[in-house]
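After this come two complexes, each holding chain A, first together with chain B and then together with chain C.
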Partner chain A sequence: MDKTTNHKAWFLVLPVLALVAFSAVIPLMTVVNYSVQDTFGNNQFFWAGLEWFREMLESERMWNALGRQLVFSATILAIEVPLGIFVALNMPKRGIWASVCLVLMSLPLLIPWNVVGTIWQIFGRVDIGLLGYTLDKLGIDYNYTQDAVDAWITVIVMDVWHWTSLVALLAYAGLQSIPDAYYQAAKIDQASRWKVFRYIELPKMAGVLMIAVLLRFMDSFMIYTEPFVVTGGGPGNATTFLSIDLVKMALGQFDLGPAAAFSIMYFLVILLISWVFYTVMTNLDKKGG
Partner chain B sequence: MADATMTEPRRAALPRVNTRAVVMGLYLLFLLLPIYWLVNMSLKTNAEILGGFSLWPRDLTLANYATILTDASWYMGYVNSLIYVVLNTVISVTVALPAAYAFSRYRFMGDKHLFFWLLTNRMAPPAVFALPFFQLYSSVGLFDTHIAVALAHCLFNVPLAVWILEGFMRGVPKEIDETAYIDGYSFPRFFVKIFMPLIASGIGVAAFFCFMFSWVELLLSRTLTSVDAKPIAATMTRTVSASGLDWGVLAAAGVLTIVPGALVIYFVRNYIAKGFALGRV
Partner chain C sequence: MARITLDKLAHSYLPAPKSDDDWALKEMNHVWEDGAAYALLGPSGCGKSTLLNIISGLLAPSQGRILFDDADVTHAPTTERNIAQVFQFPVVYDTMTVRDNLAFPLRNRGRDPAYIAERVQAIARMIGMEDQLDRKARGLTADAKQKISLGRGMVRRDVNAILFDEPLTVIDPHMKWELRTQLKSLHRDFGHTMIYVTHDQTEALTFADKVVVMYDGRVVQIGTPEELFETPAHTFVGYFIGSPGMNVLPAQVDGTRAYIEGAEVPLAHGYGALSGKVEIGVRPEFARLTAGDGLPVKIRRIEDVGRHKIVRAEFFSHEINIIAREEDHIGADRTRVIFDPARVNVYADDWLVQGEAA
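Moving on, here comes the complex of A and B:
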């Protein structure tokens, strides 16, 4: 649609600006402020320059957390996106069953994140949880509080359980927008199932899939509550992701300076990756019309 | 050969229907099993939970639910959560409406940068904001109030609402605006009387997502409250650490947090697909 140039439109944006300035800019400035100062208590602050940033960049702890974070995000994207598409392709297209599937699939999305953690914490316990108990009876040694690999598997399965539906619902919406005529044409051409998927369904889903990937990346990169409830970042530091580490540092040990420097770098990493996604996405949008 | 049976996406050929049903059945089973387990536990006594393993409650009890619904320190958690979630949804959608209109209709100085900057707030890790929020709201005397949590959640919900609403507004032809202005409508009157009914489903979807993300968030709402506005999710974590073993009550509290979400989904189920169809979440 053609847009008219009208600078007065700024007035319509003002309420949002005021609100976001209050709830984002002021706190962010506080963080920046802390990141360049040192304190000896009593609210006395000293200029520390980029000292904290240097310290954080040299800290093994942050690099380890970042590494775990990247592995985690990559793993859940690699599972959730294909699985979500697969589920979407198998969803009923209309009728009562479509509604039933929509409602049931949305259910995990609306459970408070700490309850998601609680559900899996209970579900995986060897003594009272269905999953843990079953695995134990099958003779599989499974203990997510002691074994790092088991903890990782639990956290990943939990995330797949929690968020695959979002990818599936988005992909489903993309599929719904494909006119019947496309399928009929494909049938006349005797296109194989794979070709229908590759040349009709996938291009039509590309836009929403980009959004799904962007959202899942951002949210998995910020994940805190669910693994914190299930594993508390353990065993050891095995599932200490960036946010868990940051909260430990900022609210647990009250190391304001390093935590603030950490925050800023953390935010910049997300921003950078998201900006790349966003640019690719808007370019796709333009090409697709 | 599996490919051959899948070539007709619309026809009800028997083998294909079965694979679909099996796939969906397995997936839904995977989704519902952990939830079933929570419900199952909430209906058991603690003695039964710890005493032995059973797939369904042998000794059905509603005592866990009674504990929660009669104890103010428990049920006020739900009331607090609902208050700030509703406040947040109203604030987010109200301020997002005019902004989304501006983005969907006009080109103005810095509009693209502004739009991306708004989106970056959706990408801000709550963990980064927890401490500054705590200090900011303490210094203005809003700590432990519902409005503090509602405002804090605007951080990610306002950009989201603008994003969703802009998508819906773009779908409304511009001629409608122009005709209304020619007919002598003022902007506010046109916006409320004509435009808002046209994007009613968009407002519904935006409100749904604001509700959802505010309802499920814990880190900020826990950091910004202590007693008077304590959300149910935080009440749960406190009880876990304090008594540790009251699994039945914990499970019942968990089940009760699923209920509002399930109700909201039920009411907007027809809009969800539409909202997703716009590719905006």
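Moving on, here comes the complex of A and C:
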């Protein structure tokens, strides 16, 4: 079959190209632009090559922020995934209470990030916050603005409160797709509760759990608003995660060059980790088959 | 192995059943003899699966008792009943190997590893999967998965009964036949009580010693395939078994004569006065087209199915099916139907009426 050549078709893609250019490509290229140049003001730029990248890679500050970031992401994944599965397993399967649970579970997901931060910021305050005040009265020494451990605990508990629902809802969807016959067969085979979980529920949830882990990892790795509202990255640098550090550098110190280099590496790290994770998980899946 | 007794058993999925229609399973008394192979035959929604799940303990009956031999197990959990059940759609443990799948019920009961290995090998040979024992169950075809389910159902030798819930639905026709034959030989070898639920009459008739026909939550007839064919106890059995089903025609019966729309049909037996809805039933196999006497019919269609021809005829507004031999010539003059008097059954309110010798 002969294909007709019609270059007019290109015009039809133009709007999309323009949209993507303005929303993604041009901003990204601006960042790339900054990352390889230096300026002494007056809007005059000089070629700096990979200097900023080198500086960032040697910067202790960035490595520390990356370390904190990884610990944070690993901790919340280690808590949210098992907890989410546990919650999903204990949710009613059908009836009015199933709907009630679903609505209640979705509530935290609908609250804007900075509101979540504000809620916990107030909740944890020793003078007026319910949690902080209660702990203080109970004689527990708790103050997230001064104690690094307390700040960490607050930020982690807040993230768990905010996002465990997401894991639970995804796991619940996975569980709902298991036909009754599986549970009946397990009863007939005299499988223990643990074996039912290990050999029926977990394999059937694997797909959605992978998505849950991926979403939670990417999201937590980029977390900014909530810890910024609660602790502002403090006390000291204790809860300064990557994006908080990035904003400090770019907007606080106005070090555009290093911040741009930082951004690009940050982006690549997320891309890399997500890709590795996805590939490993899908390969495991295939090997099983 | 055990004899299973259903004592005044009934079940409703509603908490407070009122009318007859609310009962998924109407009150029944029945004894499943130890070591027999039964087929539970009926259309979708007639309560077969409900009955099966009550026997296996996945469902507690609304009323009545179930006895295994003499022990009341009505409220005993599934695990205590020591029963195997195979479901309609394959249930396999995806992440396990075929071997582990087959061994699972035995391992959960803490059996000796040597015994388990021997049983798994024997079952694998039976379902023809010896060379696939070490591969993961995930990614196998639906047939293969269902064979594993069947295998898992049969791996325990000491079960009280093996229940099959339409197990061959997803299996392709050739394999169906083979597996059914294997099930039958397994039954002969080990003598397990087997209950096989199906809506496929061929499956039921070839598998079972006794076929239990269910309709609308009730057992309407229990009999050998021959009995079901020759003397259906209920018009539903006549209609459901046979292809095409029995012709059922409204009639008046007077002694040894029946009248359909005024036309006379001779009967082999005499009948007293009948009340309610009276019908006669005759299988298409025992109806014949003639040029002489009989009911004048209009022939609508002739279907040649190879072995024989099915003649679809109409008498007033009643459909009559006739099976004619392949070599029979059906000419334009063959417009009348006669029935073999010995094969005409009489029904009052859908139930068979026994005639007296004429």
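Heads up, the rule we're going with is that the second predicted complex is superposed on the first by the 258 of 289 C-alpha atoms of A that agree within 3 Å, B and C clash if a C-alpha of one lies under 4 Å from a C-alpha of the other, contacts with A are read in each partner's own complex, and residues count from 1 in each chain.
Convention: a contact is a pair of C-beta atoms (placed from the backbone, for glycine too) under 8 Å apart; a residue touches a chain by one contact, two chains touch by 3 or more.
Just so it is clear, the model here is predicted, and its values are computed rather than measured.
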| item | value |
| --- | --- |
| Superposed partners chain B and chain C on chain A - clash or fit | fit |
| Chain B or chain C, by number of chain A residues touched | B |
| Partner chain(s) touched by A:Ala181 [first = chain B, second = chain C, both, neither] | second |
| First, second, both or neither for A:Trp47, with chain B first and chain C second | neither |
| Partner chain(s) touched by A:Tyr172 [first = chain B, second = chain C, both, neither] | first |
| Touching partner for A:Tyr199 - first (chain B), second (chain C), both, neither | second |
| Contacts of A:Asp189 with chain B and chain C, given as first, second, both or neither | second |
| Chain B versus chain C as contact partner of A:Val115, first or second or both or neither | first |
| Closest approach of chain C to chain B (Cα atoms, Å) | 9 |
| Common interface residues of chain A - those touching chain B in one complex and chain C in the other | 187, 190-192 |
| Interfacial residue positions of chain B with respect to chain A in the complex | 3-4, 6-10, 19-20, 23-24, 27-28, 30-35, 37-38, 41, 49-50, 53, 55, 91, 94-96, 98-99, 101-103, 105-109, 111, 114, 116, 118-133, 135-136, 151-152, 154-155, 158-159, 162, 170, 174, 212, 215-219, 223, 232-233, 236-237, 240, 247, 250-251, 254, 257-258, 260-262, 264-266, 269-270, 272-273, 276-281 |
| In the complex with chain B, residue positions of chain A that touch it | 1-10, 12-13, 15-17, 19-20, 22-24, 26-28, 30-31, 86-87, 90-93, 99, 101-115, 118-120, 122-123, 127-131, 133, 161, 165-166, 169-170, 172-174, 176-177, 180, 183, 187, 190-194, 196, 207-208, 211, 215, 218, 221-222, 224-225, 229, 242-244, 246-247, 250-251, 256, 259, 263, 266-267, 270-271, 274-275, 278 |
| Touching residues (chain side chain C, partner chain A) in the complex | 53, 56-58, 77-79, 83-85, 87-89, 91, 93-96, 104-105, 108-109, 136, 138-139, 149, 152 |
| Of all residues in chain A, those that touch chain C in their complex | 179, 181-182, 184-185, 187-192, 195, 199-200, 203-204, 288-289 |
